[in-house]
Each structure stands twice: as structure tokens, then as C-alpha cells.
Amino acid sequence: MAKAELALAVEGLTVSFDGFKAVDDLNLYVDQNELRVVIGPNGAGKTTLLDLICGRTRASAGSVKFKDKELTRMPEHQIVRAGVGRKFQTPSIYENLTVFENLEVSFPRGRTVFGAMTFRRSSEVIERVHRVAEEIYLEDRLENAAELLSHGQKQWLEIGMLLMQEPELMMLDEPVAGMSVTERQKTAELLNRIAVGRSMIVIEHDMEFVENIAHKVTVLHQGKLLAEGSMEAVQANPKVIEVYLGH
Amino acid sequence: MMQVNGLRSGYGQSVVIHDLGLQAGKAEILAVLGRNGMGKTTLFKTLMGILPTRAGSVRVGGEDIAGLESYQRVAKGVAYVPQGRLIFSTLTVEENIRTGLRKSAKGRIPDEIFSLFPVLFDMRRRKGGNLSGGQQQQLAIARALVSEPKVLLLDEPTEGIQPSIIKDIARSLKEIRKLKNLTILVSEQVLSFALDVADRLVVLDRGRLVHECTASEANAKTLSAYLTV
Amino acid sequence: QQFPTTKVNTTKLAVTDGEVTVGQLHSATGTMAISETGSIQAERLAIDQINATGGVLGRKIKIIQEDGASDWPTFAEKAKKLLVNDRVAAVFGCWTSASRKAVLPVFEKENGMLYYPTFYEGLEQSKNVIYTGQEATQQIIAGLDWIAKQKNAKTFFLIGSDYIWPRTSNKIARKHIENVLKGKVVGEEYYPLGTTQFGSLINKIKLQKPDVVYAIVVGGSNVAFYKQLKAAGVTSDKQTLLTISVTEDEMLGIGGENVEGFYAAMKYFQALDNPNNKKFVEAFKAKYGEKSVIGDVTQAAYLGPWLWKAAVEKAGSFDIDKIAAASPGIELKIAPEGYVKIHDNHHLWSKTRIGVAQKDGQFKVVYESGLIEPNPFPKGYQ
Amino acid sequence: MSWFSEFGAILAMQGFNGLSVFCVLLLMALGLAIIFGQMGVINMAHGEFLTIGAYTTYLFSSLTTSYAPAFAPYYFFFAIAGAFLIAFCVGYLVEWGLIRHLYRRPLDTLLATWGLSLVMQQAFRSTFGAKEVSATLPDWLMGSVKPSESIDIPINGLFVMGLTVILTGMLALLLYRSQWGLRVRATTQNRIMSGAVGINTRRVDRITFALGCGIAGIAGAAFTTIGSTGPTSGSLYIVDTFLTVVLGGAASLAGTIASAFTIAQTQATAEFFMHGSMAKVLTLSAVVLILMMRPQGLFSIKVRR
Amino acid sequence: MKTIYRNVLGGKAGTLDVLVLAAILFAVFPFALDPFRLSLLGKYLCYAFVAVGLVLCWGYGGILSLGQGVFFGLGGYCMAMYLKLEASDPVSTKIQSTPGIPDFMDWNQITSLPWFWEPFKSLPLTVIAVLLVPALLAFIIGVAMFKRRVKDVYFSIVTQAIALILSVLIIGQQGMTGGVNGITDLKTLHGWDIRSDSAKYILYYASGVLLIAGILFGRFLIASKVGKLLLAMRDKEERVRFSGYDVANFKVFVFVVAALFAAVGGALFTLQVGFMSPSFVGIVPSIEMVIFAAVGGRMSLIGAVYGTLLVNFGKTYFSETFPSLWLYFMGGLFILVVMLFPNGIAGLMDSHVRPWLARRRGARLRNAETPADAPPVDSSLPGTATVRSPSPLAPGEGASTPRVQPAH
């Protein structure tokens, strides 16, 4: 294992809920600058895996190393500050704030109480917000309240909020669920663009979309690794077809 | 079976559905297509009585249900699987399904439900909220089916579902339709699924019907043109 | 006119040629309304009677009623309103010590006159207050003496609600028991106001088996305490209990059957057999209904307007300073409790009686002391 | 009698005392366990519904004494039924007039019902007078059982216990074994979706709220045996009641039972060893500490998200 | 300068609001009211501090504290202890068995001043204690609860329990605290007679000035990133945590700020009313304080002041006019406000008064520019089933937390 190359090393990760092992002795390695897609049947433990990495759920056993930092004991906000960003399955944005404010709040400065009190909207912040907004196709919606955005735009906004943090590892849970065909294409473009210079883990069920973005695909099943490899290899894997893709 | 005339509805001041007319025959599966925000969910909510009908009529089996409350519509034979599942997260899977049961069922869940969604049987004692997204979707469908509806409204049932189950759902929808003479309205973004299940397709754009065709005469090109503008 | 307004009112009080305004400040709402209603009624009765016989210095008394709402700051606010805005010539009011403590600075600063009806812990004396109830030593010592002699009691269990009156009273009781009666206090317990569960306390009493339980529980707790005592089999045939906090008013809520046979030490019982009281009870019932009852404080409240009238007439003026000075030495021969006289310290000379609670909610008087001097700062009891 | 057996007797009575405090707390909390625990309505007027029950008992008692003295030993059962009915009806009206407009704003129910409790207290005062009243309780209820020379077990305590057990059992069955209970739990979780699966949510809400009030009425009637009846009597219970339900973990009946037990035992034991006031402080601090360690209460229903 | 104008004063509309309040407090009331009413008003202003603090912590932070009375009381007690010591000099207490200690201690056989009273011999230490003691308690409660993620009703009930604990403790330790009676008969502050009419005026103005300063500070907080984070947290706490913030710290912070507001109010209250008692610490006053904020509009700092004044004036007026029926009116008022004006007075202003003014202005300037910032129309009709949180940017404060235009 060439550790220096790895962005994320998950080893022996296990979590059980009332005896049910949602993630079971899982090993997963993500390279730097890699865009990894995790697929697998409903209930395979994909979301739980992300929860474990970002500290939302505490592991029963195993380790999660991000750039040689052990994440399993860290509080959530520390993990984020270490450079891990996470998008939830349903869009999680601040409906009451404007798009601009949503992005601004995610800017990684003024994170302490005192810092937040003295935080000023400097030209640097404004510039960053505009840059990100352009990236996520929302530059003309900056002043709208976020609750007025369409479903797809909300998903993008959440991605934008992650971008503001400039995470080195970005994890997206079903980013195109509920999006229309056009939006899916735009999202794929977006992901391919922002994947440059950082590692990403994406969970998705839309195979067309996966094909568009994936460098490498991991298939989970019942909390365990079922298969891993290129898209073509995985799609051809009979076990994957059996439990996931269907005949 | 279901006949919608001059339907208008929306939120607050804004009108989302404009004088919409629609019909679906007995045992017909009608797919409602449309891009994001074109009013599919709004239409279904209005049909279900969750949003008030501003104008127009909704007939099920000849009876106008436009003025009724949601629960009365269920009694008249309408069932609904909402977008985003909305299962009862602190109830167990079994209890979730039982909420939809009719009085005549005496609290027994028909076996066919579990044969349709075996995963729900394995998880029947688990809290609904703990299921994975896809499992919740199956639960929501099961919950709607046990009320023995005449018309089933499915709002984006494939969202977040694994490919094999999407195929299963398509298959079982057709099966159920045959078995129970069920009329199904299903809204979709994914064209392939819609083409797979539907007998007929309509396209919704800004709250109006802009295209209608049967599955056999459906042309993937024209349809995607409507869906990608 | 014999008493021209300019003569009898030199301090801009609300006194006109035909009318004099007084204030009434009790809790008509909140938890204390239960207790204070009787006082409100008695004061009104007295004022009606005074008006019917010509008023005070030829002037009819007009009442401004304010609600203290069982809340001490509100009492202070309303007291100030009565004194500053309404310029009332006297205030009849307050019930709890806390409300009195809250209004006292107001009365002293604005120079008003308060007639305070409740038996209380003492340790206070003000030019601006006439205390028409008993202070602690008057109520406590005679009762303890009697019960110690009568029941040959050596051990005592003191119980109280947790606030100043029960605590101070129990302190006096303890000193008296230990120093004078040479008895022993085997327990002293306090429960927050509003407590409704006394099981543990009752078990402790059972464990200690005191000769006398000395109880100063008040408010809603009172009812719970006696009901639970009865249910736990602690009844008067097995246990002697002396209380200074159960009057006929409280009996309404507790139910006579639950306190039957227990003793209470008060200066007044409705059952007192004298002509003054007969007339008073009759008038009270005529005004407030056959079912109404009169407790110690109610009677003391009734004294207030009469004592004020006497002081005004003695001073020939409504001025606060003059009636404050004129008050000591005033006697009231029509008092339902018999005879009272205002002491130099603004408290009343009065007798203490022991009553045995009856099933019908009344007390049977079994003992009557001589006239006791009020002593709000008792030496040797602090 | 030896000191030892006496000690045993005290121990037994103290044990019983703990149990009876437990039952009182639980009985108080049952109604709120539905209204707050299940429906999420922060009903500050809950105490006043207890008071309704208490006044109903008083009314039944005075009617019996005046018109049918022979009936006196039995009237109490009818009083309980009456208390339930009246509190149920008032609750029904309150839900219709007030609560149903506030389901989307749970915290506002706190403010509105606080106003309601003021109004109700004043209504009691205007109707029954500001002074306390007392229902004449049947003699059989006020005695004690003597299993041995030195042990007295209060019958009213036993009665409250019996009532609590029966009510809790019925409620548990209703909530967790009946279709109605399922509807209640579904409705409180998502009113709109419940409508869409065929539940008449308005009726469910109204009946549920009224039922909670009715149970409070029963509790109020039962408490006439151990407590006072006055316009503000109910407010004595309100804080303890909320503590009990919240400590249990809002939506769980088992939690309410466990929490009533915890609080009662802490309180009863502490009271035996220290002043009532300090015991109260100790008990409350224990509650705060437990909540700190279990932020969702003793029996929280854990679901993801 | 411009940022101060925008963030602290809240731009044009916000400045106007503050000026109107200041005019009412400093110009209208002192001349329209007699000294007695004015001193009542001074008392209400003290409650207004609590209400303003609650707007921050409940309205913005989503933390409903049912124990603000604790902090109000602690601030008040700290001040009262100082005043009591000053009033208990050996000369005026010479009839006591131990002269020089407060009278209630003497009645309770306490023969020397308890240690925790010692600091209150000094005015500077007292002022520090007024702020520090409540803030420290709030900090401890906050850290203990928020780090453990106790929230919503659970937190509310915990604060309620703490209010009860403290009041039982104060009452139970009457030898050291004055018990139920509280600390009464306070006379002078560092030799200055606080009971005189002139003192009342001065204290009234002082309260008013401090209150407005407090409001401005509140606005500064709301306009700063802290305010946005609070709103964000109330909406999606998880998301804030996963944006790298330690959510608990922010909650502790607003909770402490609210406690400080309450404490200042309590201290001023003691000065104006001349006593402090446990009846401010308990559950009932704490709930009433929440009601003040709710009536005013829980999202509006200035609304909270009006709400407090309205409720208290209502209480005073109704109870003077209908001494035995006034609870119907007060109860009815609370119910009506909650049912009809969920955003309180501020909401009423924004949904009715401001648009009306705007229309009138608009009519006058018909052909001139379009009327200024009319609030966005809330599009959710009652009856539509989609559950939408009532817009937390309640228009009342909308003016002071503008959807700020990024300056280009």
C-alpha cells in the first residue's frame, strides 16, 4: 500500500445497529484525485459508510484514515475542518437564507464564535461566492431565498456549499436523485470539473450517470465489498448483475 | 376510471396547474412526464386532496371527489405514494403498512405484499426511519397498495431505487394492474421506465398538458425533446 | 360640619366632605386567593356596617380593590398605586409575610397605613402597620403550654411548609419546648409549598412516635397532608396533633372527617360563644351565604376597618401620622373574638384558644387563655 | 414489639410509599403522555383538566349528600366516569377551538395553553368560589389495611395504584395494539401523509386530545383522595407531570412509566433521609443529570436523521 | 461607518424603528405619565431586557429557555445583596443581636456574614458579579446540555427544572437568602437614595439607554455571521455542523448572551423596585417572560420591547379595572395573539401596518419611484398542506437583517 498516494483508507470498518451489521469489516482505499462511485443494492450500507467517514455515526470497529489522520474519534466539525465535505441524500440547505448567504456561511473562515462575530464580507469572500455560484449554474439566483430553488438547484447549491469549503475529499450521496435528464447531464459536467485536484466519493443508482463520471466503481452488498474495478468490469460482473443491476 | 377536468391548483397566489384535463381508463397505466418543477407533484397532491382544488373536477368511477378530504378520497379508492416517501419513521415496517389497511382487512397484511417486496418481510420489525432510501420507497408503495385502491398515484417511484428493483417495480406494477384492475398514474423523469410500464404517456409543461401519446406510438426522440428543453 | 375636610385631611388624602376612600389589597387570583377571599369578605362586611351606621367622621367609606395576584412584586406595585395615585386613607390587605414585606417599604416611604390581618412570625413592627392577627409568641406559647400539660407531652415533631412563617414559628416553638417545657424535639421537617406527597414524612412520624405533632403546613399541601395522615391511620385517637395553620377556611378543603380530633391554637374560632360573635357570624352568613365559614384571619380582617375607624375618631383626623399615634390604647369591645386592645407596638392584645376539630368543619373550644401581650421581638426566643 | 420488626414495618410502608408516589406521578402523566408525548402539544393547561376531574367529584359528592345519602359509598365510581366524560368533552372543545390551529407550531401551543390555563382557573374561581372545597369521600376509601400490627397501608393509595395499573394497561393496549393507536401514532408523525393513507386525521387528533384530557380528569378525580380541590390545585402538578413525560422520552409510554418510577423512588428515598425541600432539589438535579446523559430521555425512539 | 449604519442600526427602516422607540421612551412617556406610572414603566423595561435576550436565543437560536427567571433573579439578587449590606450598616441594625448583618440573617440566628456575601460589600465586585454569576451559570448549563446535544423541549424542561431547583434552594436557605420574602427594604446605592422620585427618573432613563444599547448589540449580532449561523442552525443543525462549525459553542454563546440580558434587567429591576424575591426565579415568571417575547414577535428585538410593555400594561390595566376578572382578559389576550398574530406585534406591523403605509406613500409618489421594500408576500395560504416553517426572517427584523446585497 502506497499510503502517501491515498486520500482515504478505510480498514476493517464495522458498525452494527442492534446486532444488525450495516457495514461489515469493510476495506476501501481512495486515491488522491480519484472520483470513486459507490453503488450497491438499497440497504447495502452506502449511506452508512459515508456517515461513518464523516463522523455522523460512530464505528463499532475499524479505522478511517484521511491523509494519515484517524477520523473515527474526531468530532464532526473537526473532520470537516480536516478537509472532508459531505452532501446528504436529501438536499440539506438553509431554506431561510439567500443563495449568497448559504454559500457565504460555508466559507471556511470565522468558524469560532468570536471569529463569526468579527467576520467581514471581504472582497475575497464575495469573489469566491461568485466563482462557486458560476460553477454550480446559480450566479443569477444569488439573491433568491434558497427555498425558492428547484429541487435540482438545491442539490447544486449544496454541492456549491461544499466547494466553498475547498475540501480535499468530497462525498456526495445520490446527487442526481430527482433530477431531470438535462440536469443530470449538467451535474455530470459539474462533477467532472470539480473533481480536478480533489478526491471524491459519489453514491448513485443511475448507471448512465455513473458511467459518465466514475474513475473506479465499488459495489457494496450487505455491508461488505462485493466488487471493485472499472465500470465495464463491474457491469459485467455476474454477482453485481444478480444483486444489483438485474437481468 | 379517473377523469380530471379543468383542474386548477397551486400554492398561495401562484397557480401551478392550469385548467388541466386528463383521463385514465380502467386498468390503464398512465405516465405523467415532465421536467423538474413542471407541476407533477402538485398535480398528484391536488388529486389526493392535499392541496385544495381551485377549480375543476376529479372523478373516480364517475363520482366527483374534488371537494373531499384526503382520507375520504382514500375511501373512494385513491392511493398515493408521495415523492420523498414520507413513511412514518418511528413506526415499524409492519405498522407502516397497517396504517393503510382497510377496516375489512382486520389488521392482516395480505401475503402478496410481502411476496412483492420480500425485503419488507425481513425488516418488518424494524423502524421505518431506519430503512435505506430504496427500502423506504418500497414500503411506501406497499402502504398504498394495501388500501385496495382503484386508482394508484405514484410520484417518481424510481427515485433512489436500485436498477434491478426498478425493473421489478415495473413488472409488478403491470402485474398488480392486471390482478386488481388498477388504474395507475405514475410521474417520471426517467423515460426508459415510463416507456416500460405505461400504456399511455402525457407530458406536463408549466402546469399544462403539452403532449400525449400511447406507449406503442411513443417516440423516444420527440419525448426527450419535450423533456430536455 | 363638625369635621371640615380641611381640618381632618391635611395630607391630601382621598377624603372629601362626604366620602373617604380606602384601599383593599388582597389576592383575588392565584394560589393565595384560596386564603385571602375570607379577608376580602370580612373587610367589606365591616365597611358596610360602618357605612350603615354613619361612616367615619360623617363620611362614607369607598373601597378601591386591587388584586395582588399572589405575586409579591404585584403587591408592591398595587400598594404604590393605592398610596400614590389613589391617595387612600388606609389599606386593608396582604396575607402572606412575603407580600407584607414587599409592601412595607412602600407604606413607610409614602406614609400609608396598612391593616394586616394574618397571624404571622413577628420580628416586625412599623408605625405604618397595625397587625390585627397574632404574632408568633401569642399563638404558639399558650398552645404549647396547654398541650404539654394536658397530654403530658415530652416529645414533639415539628413540621412546616418551607417559608418564613413556619420556620420562625417552629424556632420559637423549639426554644419553648426545650427551655421552658424541658421537652425534646424529635424531628423538624420542611416541605416546599405545594408539595402533595407526604408518605415519607408520615412514616418518619410513625418511626419517631412523638407525643405531639406540631404542624404548620399551609396551602394546597395542607389538604394533602391531612388526607394522607388519615389514610395512613394516623388519627386523633392514636396521635396528638396541634396545628396553628388550620382554620375553618382550611377545613373546607381538607374535610372535617380528615382532621377530626386534632387541636388548633388560634385566637378565634367561629364557634366562640359570645354575643359579639353571634352577631358577627349572623351578619357574615346573611351577606355571604349560609354555607360560608369564618376562620381566624377572617375575623382579624374584620377588626381592621373598625380599628381604623376608632383611631380616626380618636385622632379627629384622617392623617396617617395622627392615627398612627392615636392607635395605641384603642380598645374594641365589639370584636367577635371578645376584647382587643392595640399595644404600643401596633399589635393587639388577645387571647389564645385551643379548639378541637369536629367532623362538620367547626372547632370545639376547649381552652381559653388570658389576654396575652403581643411581643414581636421576644427575648430568649431568637 | 422488637425494634427490628418495627424497622421492617417502616421499611415496608416506605416501600409502599415509593410505589404510591410512583403511581400518582404516572397517573398524572398518563394524559400528558398522550397529549404531549404522542401529539407534541405542550399543554400547560393539563393541570386544569385534573382540576376539572376534582371539581366533578366534588359536585357528585355534594349531589349525593343532598339527594341520595344512601348512595354515598358508591358514588365515587360514577364520579370517576363523570370526570372522564366532562374532561373529555372540554378537551374536545378545546381541540376544536384552539389546538387544531396550532399543530404546525408546537411551541406556540405552550403559550396558548398557558393563556387557556389562566382562563380555566378563573372560570373555576367564578363557578366554585376561590376557596377550596372537599368532596366527602366514602369511608371505605379513607381507611387503611393492616396486614400486621404496625403496618398501615392506605386504601386510597391502593385505589390509586389499582386505577393507575388499569389505565396504563388500557392505554398501552390502545396505543400499541389497536388500529386506533396506530392511527394516532401515524397522525402525530405526519398529519398530511396520514390523511393520504386514509386516516381521518382531524377526528384522530380531536379524540386523542380529548382522551388525554379525559384521563387527566380521571386522575383529578382520584387525587381528591390525597390532595386538594381548588382553582389552582391542578397547577401544583404541572411541572412534575412534564418532567415525568420528558424524562421518559417523549413518545414512549414505557419511558413515562420508567421515568415516573425513577423520580418517585429518588424522591421517596431522599425524603426519608433529608428535608422535603432538599429532597426536591436532589430529585430535580437527578432529572437534569439523566437528561444530560440521555438527551432524548430514558426511552428515546432512535431513528436515523 | 456605513457598515455600522447597516449592521447595527439596520439601515433606514431599522434606524427609524430605534428612533421611534427612543422617542417613545425618552420623550413621550416621561411627559405623558405621572411619576408612579413612569416607575411602573421602568419596571417593565427591566423585563424587556429578558424579552430581548429571548428574541436572540429563542427567536434566532431556536433555544427556548423556560428558565430566564433564573438569570433575571441572579442578576437581581447580586444587586440586592449589595444594597442590603449597605442598608444593614451597624447603626441602623443596632437593635439586632448581631448588628451589621442583614435583618433576616439575624432572625435566623446567623451571627456572621456568610462568605459568599463578602464580595458584595464592594460595588465594583457587585457589578462584576451581576454579569458574571448568571453568565457562568448559563455557560455551565449550556456546555453541559449543548455539548450533549440536548435540545428542543428537552432543553426547555431542563431549564424549567433548574428554575425550580434554584427557587426551592433560595427559599430553603432563608437564613442566607431571605427565603420566600426575598431581600427587601433596600434603600441606597453607594449612598444614593434609590427611592426618591429623581432617582426613579434617572434609573428609568438609564434602563432605557441600556436597553437600546442592548438592542443595538443584538442587531449587530444578528447582522453578523453569528446571526446567520443561528438561523442556519435552527433550520439545519446537521448542515452547519458539517460546514465545520462547532454548533454547541454558538448555542452556548447565545444562551449566555440571553442570560446576560436577563441579568442586567434583574439588576436594574432591583434598583427600581427596591427588592428581589424568589418569585422572579420560579417557573411562572419565566414563562411570562417568554410570553412577552412572543407577543412582541419572537424575531424582533424591538417588538419584544413593545410586547413586554403591552402585556404588562394590559395586566396592570385589566387588574385595576376588573380585579377579579382580569385573568380572562390576559388569558384571552395570549390565546388571541398566538392564534391571530403568530409573529406578534412585529408581524402585525409588517403584514398590515407597513404595507398600508407603503401604499399610502406609494399613492403619494404615484409616478415617482416604486415604494420601498414592501415585505415579500407570504404565499402559503392556510389550508395548503405543504408544511413550511413560518418564515423565520419574520419581517419585523427583516429590515435589520437585510438580504444584504453583495457590494460589487
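Letters A, B, C, D and E mark the chains as written, and numbering starts fresh at 1 in each.
We adopt the following convention: a residue touches a chain if its C-beta (ideal position, glycine included) is under 8 Å from a C-beta of that chain, and two chains touch if they have at least 3 such contacts.
In this text, all values refer to a predicted model and were calculated from it rather than measured experimentally.
Chemist: Going by the contact definition up top, give me the pair of chains with the most C-beta pairs touching.
Modeler: Of all chain pairs, the one joined by the most C-beta contacts is C-D.
Chemist: Among all other chains, pick the one whose mean CA position is farthest from the mean CA position of chain D.
Modeler: Between chain D and every other chain, the largest centroid distance is to A.
Chemist: Just the number, please: Cα centre separation of chain A and chain E in whole Å.
Modeler: Computed value for the inter-centroid distance: 43 Å.
Chemist: How big is the gap, in whole Å, between where the Cα atoms of chain A centre and where those of chain B centre?
Modeler: Taking the mean C-alpha position of each chain, the two centres sit 30 Å apart.
Chemist: Please compute the C-alpha centroid of chain C, do the same for chain E, then give the distance between them in whole Å.
Modeler: 38
Chemist: Taking the mean of the CA coordinates per chain, how far is chain B from chain C in Å?
Modeler: Whole-Å distance between the two chain centres: 75.
Chemist: Where in chain B do residues touch two or more of the other chains?
Modeler: 50, 130
Chemist: When you check chain D against every other chain, which residues touch at least two of them?
Modeler: Correct list: 121-122, 125, 192, 195, 275, 277, 280.
Chemist: Where in chain C do residues touch two or more of the other chains?
Modeler: 28-29, 162, 190, 192
Chemist: Can you tell me which positions in chain D touch chain E when the two form their complex?
Modeler: My answer: residues 42, 44, 98, 101-102, 104-105, 107-108, 110-112, 114-123, 125-126, 192, 195, 239, 242-243, 246, 250, 275, 277-278, 280-281, 284-285, 287-288, 291-293, 295-297.
Chemist: Quick one: in the complex, what on chain D touches chain C?
Modeler: 6, 10, 13-14, 16-18, 20-21, 24, 121-122, 125, 129-137, 142-144, 146, 150, 152, 154-157, 223, 225-233, 235-237, 267-268, 271-272, 275-277, 279-280
Chemist: Within their complex, state which residues of chain A touch chain B.
Modeler: Per the touch definition, chain A meets chain B at residues 17, 40-44, 46-47, 89-90, 150-152, 174, 177-183, 205, 207, 243-247.
Chemist: Give every residue of chain E touching chain C within the complex, in rising order.
Modeler: Where chain E meets chain C, its residues are 34-36, 39-40, 43, 95, 97, 103-104, 106-109, 168, 171-172, 174, 179-182, 184-186, 195, 273-275, 277, 279-280, 316, 319-320, 323-324, 326-327.
Chemist: For chain E, which residues count as touching chain A in their complex?
Modeler: Per the touch definition, chain E meets chain A at residues 3, 221, 224-226, 228-229, 231-232, 235-236, 238-247, 249-250, 253, 388-389, 391-393, 403-408.
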